[in-house]
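Take a look at the structures below.
In the two assemblies presented below, chain A is common to both, partnered first by chain B and then by chain C.
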Partner chain A sequence: MSPARAIVWTGAAWFCPIVFAVGVYVGVGEVAPRSGYAVGDLAAASYQLSLVGPLVAAYTAFRFSGFERFVRSLVPVRLGTVVVLRAWWPVVLGAPMSSVLALVLAAGAVPRDAVSWQIVGLVFATVLACACLGLGLARALPVALAVPAAAAIAYWWLVFPGAGDGVLLRNLNAGFVVCCTSATVPSPAMLGGSAVVAVVVTLGVMGLWLFPAWPSVGRPAAAAALVVVCAAAFVGGSVLVESSSTGPTFQAIERRTTAKACSDRSDVAVCVWPENASRVGTVARQVVAVNTRFERAGFDRITAVEEDPGPRSIGTVEFSVHRWMSTADVKYSVVAGYTRAHLACRTGDVDAEPSPLEVTAAGLVGGVPRAELTRRFGADTVAEASRAVGSIAAARTWYERELVADGSCGGDR
Partner chain B sequence: MTHWLRVRRAWVMVETIALLAVLMVAGGDHTVAVPTVIGGGTGAIVWSTFVPLGWAAVVAYAFEHHGTDAEARPARRLWAFDVALVAVMSGLAAGVFAVTGSVETLAQVAAHVLLVSGLTAGVTVCRGSGTGILVTTVLVLLTFSYGVSAPGADYVRVLQPDGDVVWSLAVGVAVFVAGLATIWWRRESPPVRAEA
Partner chain C sequence: MLSATGLGFAYGRFRSDVVLDGLDWTVAPGRRTVLLGPNGAGKSTVLKLLSGYLAPRRGSVTYDGISKRRHLHRHVAWMPQLVTPLKGLTVEEQVEYAGWVAGLSSKDSRTHASVAIEAVRLDDKAQARADALSGGQLRRLGLAQALVRRSDVLLLDEPTAGLDPAQTVNFREILRNVHAPGGIVVSTHQVSDLGDDVDHVAVIADGRLRFDGTVDEFVTHGRARGVTSGSLVDVFADIVAGGLH
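For the complex of A and B:
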């Protein structure tokens, strides 16, 4: 079959654009706003698999039904797998490719590091496996049963584990349910286990067509063979996940260990993730501006800020500087981190969260725009905070009463 | 008549209703909270949400074959039997599922069964069983994936328990009537008469 004819005959000419459109629509809905962290954005946009996977499985089960008759007549002279792929490559490869293009477009991120490429590869392999699942079910069941079965199985594989509490299954379905903040990456066990399931299903279904008798076997035998392939896929994935160094974890994420970009210009040490390196100067300027106002009010000055500084520790000013954040957002994030650090010092609890009033008061002293604070906490809170820190003397008193510890954590932060 | 019943797989339909009823009893009110794809948020899927899709599959399976010699005799007016079969079996399915289910009301179950029956049967007699079940499957996927808090969710989630019942029932009845009308119309079409 000529390539042009295959593209039209299989319906890839109209189905792949639909897959692309669905993928972009779903992906864009999940990645808003984009963080600039490629792994996180790609993982969020991969949520499209929940809809694209079942759609592709259902469509291939529908369109492929009855194709074994063509293969049967050609098997004496050609391998069944070759016959299938020569006719079906537009859907089998086109759907995953459309999905990956939608993924990259929706995420607005070009994969650069190994983890990003692994996510892209896993999305490709998962859609490919769904297509092959549809091809296999179309051989094993009448079309009226194959189509809903393909959609349901794909749905159960890709969606249900993320909604349940089965730890192992959550590591086998290419699901990035809680992945990833800027401080995390997908766990290698989940990436590997999911890849094994997808690859074994794909190779297993394609491998079945290598047997000359495969186009002629009865549907019960075909169904049994498909069950064996799927079972082998899940057993293989499970073995890999269980034997990994970390084993399966509920969230299927790990701490990110990428080296940060650091600068200590302007007497302020700033450490950010590499994707935010271009904003180090902006951060330093905002911290200096905050320090100027803090020192005037008698507050301790900030000497170091860091994005996601690891397990929270007393005395660390933690902040964020994603691509979409304005300078007011950055300044607010620095002040919030400063308040949190003081509270941790005061209470001895690294997870203590400051109240809106405390953050607002510190923000007013540090120069966070009043509109920004009003947007976050409301006019009443801002008004109350204004009364508490209305003058330099009042701010100093408020600082010593609300934020400063009893000397145990003194010093600059 | 016996041949027609065999071609229409009437007993398979009855057996499927019984099987799905058993599964509904076994599944009970087990609910899974799944993330929704369109509009964000979380949607709840109860076991019974899948039952209409199973029922749609057997409707498509029953109408997989048409145009047999037995069906081609206009004197037998088998197209009328087809309409009656879909109507009776859908009513039976709705009643049995409502009795055995523990989550949805009779109106909700009837709405879902009528909707998928009418859609699947209507498209199947026009475009074949594959297209019939594909259309219904895509509809189920889209309504599953539509967010609970997305705009117009009550009117889009017509196959979920949390959809607007009156709207779902109205859509179900309309689609069911359209599906029966399609069967009626297709069986009276000139090619069938000419064949006879």
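For the complex of A and C:
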């Protein structure tokens, strides 16, 4: 069978575009708005697996059923694995490729670092495993049972249970959209455990065709063999996760350690994640603008801001600058971080969150557009904050009363 | 030589449905053998075991003394009673694929497929879809799939069952021109399939081989057993009823 004929005959010619379309459709819905952080956007777009995986498994279970009977009647001399792959490579490889292309397109991110590539590789391996699962079930069950079973098992694997639920693994999925904010990456244990499941299912199912007796064993024996393969995959993945976990519970994400892009022009140190490096100038300008107004009101000036500075510490001004944020958003984020830092200093609690009134008042002093604050906290809060910081003198008084600590960690921030 | 020794096989979840029980048989090399037996006698099972499609529960099947299944697959071609057309493939593609699956290179499978399709007189249907063939054409497709392998032994499981008389005659004519150095075995339950071109007869009943000899010996056996009608059907019935040879 020529490659072109195989592409048509297996249905890959029309099925792979469907996989791609579903992947893009689901992925785009999950990613919007794109953060620019490749790992986070790719992980979010990988939610497509919850639909693509069952779809691919069901399709291969359906199409392979008749083929398997046909090949068995030919009494093959060649290795079964070779026979299967020679006929089915367009779907077995084409569907994962389509899924990966959809992933990259939906995420709007080209993988550059190792973790991004690992996510892409895991998506490929997962769809490949789903295709193999369908092939295996087509051998073990009548087609009327194989198709729903393939879809159900793939769905169960990919969507239930959550990654944080301990030893029972599942792949990048709905629960995994918490991965990854710009400050986190998926843990190696998470990726490794999921990869083990996918690889063992793929190799296990393909390996069954290496046995000359495999085509002629009965369905119950074939089903039992498939159960053994799946059990080995999940046990293998669980063992890897358990042996990699340092705490009592499995952590699906861990802190990102990528070096940040920093600039200290305009007397303000600005550190952002690499994907936001192009906005350092914008941030610095906004901080300078805020500082000008703060100094006029007698507030401490901001000397350094940092995206996701890690475990919160007193004196850190934490902010965000995603690509979709407007300058008003950035200015608000800086002022909110400033307020939070002062509150932490004042209370000694690094996790203390300022009230809407406090953030709004500081925002009005710092020059955050009134419309932006109204959108976030409502007109009443803005009106109340306006009364509190209506004049420079009132602002100074409010600042000293509400934000400044009694000398323990004062000074520039 | 393709041989079975002490062959035993049973179907069913607990292997309670015994089909073969200690069958010993050697396919006569270079001969055309008709494997006769009543319905349910185990003819199809014998051919499946001889081809390596099924593994025996007891005993062994060897070709030139080697019992590995892959060795059997390489040297023995089997045409099942039910020939499966693969949806979407043409006749030529299906026969080519059968050749490739049997270990031929892509180039050889193409070349051999053309020859096999011509031998079974399906050349005018070579580009037709395999799943659009009639019953008789499907049997010929099955034969082409077996021939493309160029195996030493050819096993055909009731190839004319269900065909109309014209198709049956056509199939027999085709078969007359087919040769296999290790022997050709055609299973059937119809004594009328003992044509001029048949050299050898084997009769199986109740899981055992009841007769194995030339056509002449088959006839002679009938006379010796007192089958006076001269009818081959009566000889067959007598052997099945217990006239062991």
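Following the convention adopted for this analysis, the second predicted complex is superposed on the first by the 389 of 413 C-alpha atoms of A that agree within 3 Å, B and C clash if a C-alpha of one lies under 4 Å from a C-alpha of the other, contacts with A are read in each partner's own complex, and residues count from 1 in each chain.
The rule we apply is simple: a residue touches a chain if its C-beta (ideal position, glycine included) is under 8 Å from a C-beta of that chain, and two chains touch if they have at least 3 such contacts.
Note that the structure is predicted; figures quoted are calculated from it, not measured.
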Side-by-side fit of chain B and chain C on chain A, or clash: fit
Chain A residues touched - chain C or chain B, whichever exceeds: B
Partner chain(s) touched by A:Arg387 [first = chain B, second = chain C, both, neither]: neither
Which superposed partner A:Pro212 touches (first chain B, second chain C, both, neither): second
For chain A as apex, the angle formed with chain B and chain C - C-alpha centres, to the nearest 10 degrees: 50
First, second, both or neither for A:Trp9, with chain B first and chain C second: second
Contacts of A:Val71 with chain B and chain C, given as first, second, both or neither: second
Which of chain B and chain C A:Arg375 touches, first, second, both or neither: neither
First (chain B), second (chain C), both or neither touched by A:Arg265: neither
Superposed arrangement (fit on chain A Cα atoms) - minimum chain B/chain C Cα distance in Å: 14
Sites on chain A touched by chain C in the complex: 1, 5, 8-9, 66-67, 69-78, 83, 86-87, 212-213, 216
Footprint of chain A on chain B - complex, ascending: 32-35, 37-40, 50, 53-54, 56-58, 60-61, 64, 129-134, 136-138, 140-141, 144-145
Residue ranges of chain A touching chain B (in the complex, touch as defined): 25-26, 29-30, 47-48, 50-51, 54-55, 58-59, 62-63, 65, 142-145, 147-149, 151-152, 155, 159-160, 162-164, 177
Complex interface listing, chain C residues touching chain A: 51-55, 69-70, 73-74, 76-78, 80, 82-84, 86-89, 93, 96-98, 100-103, 145
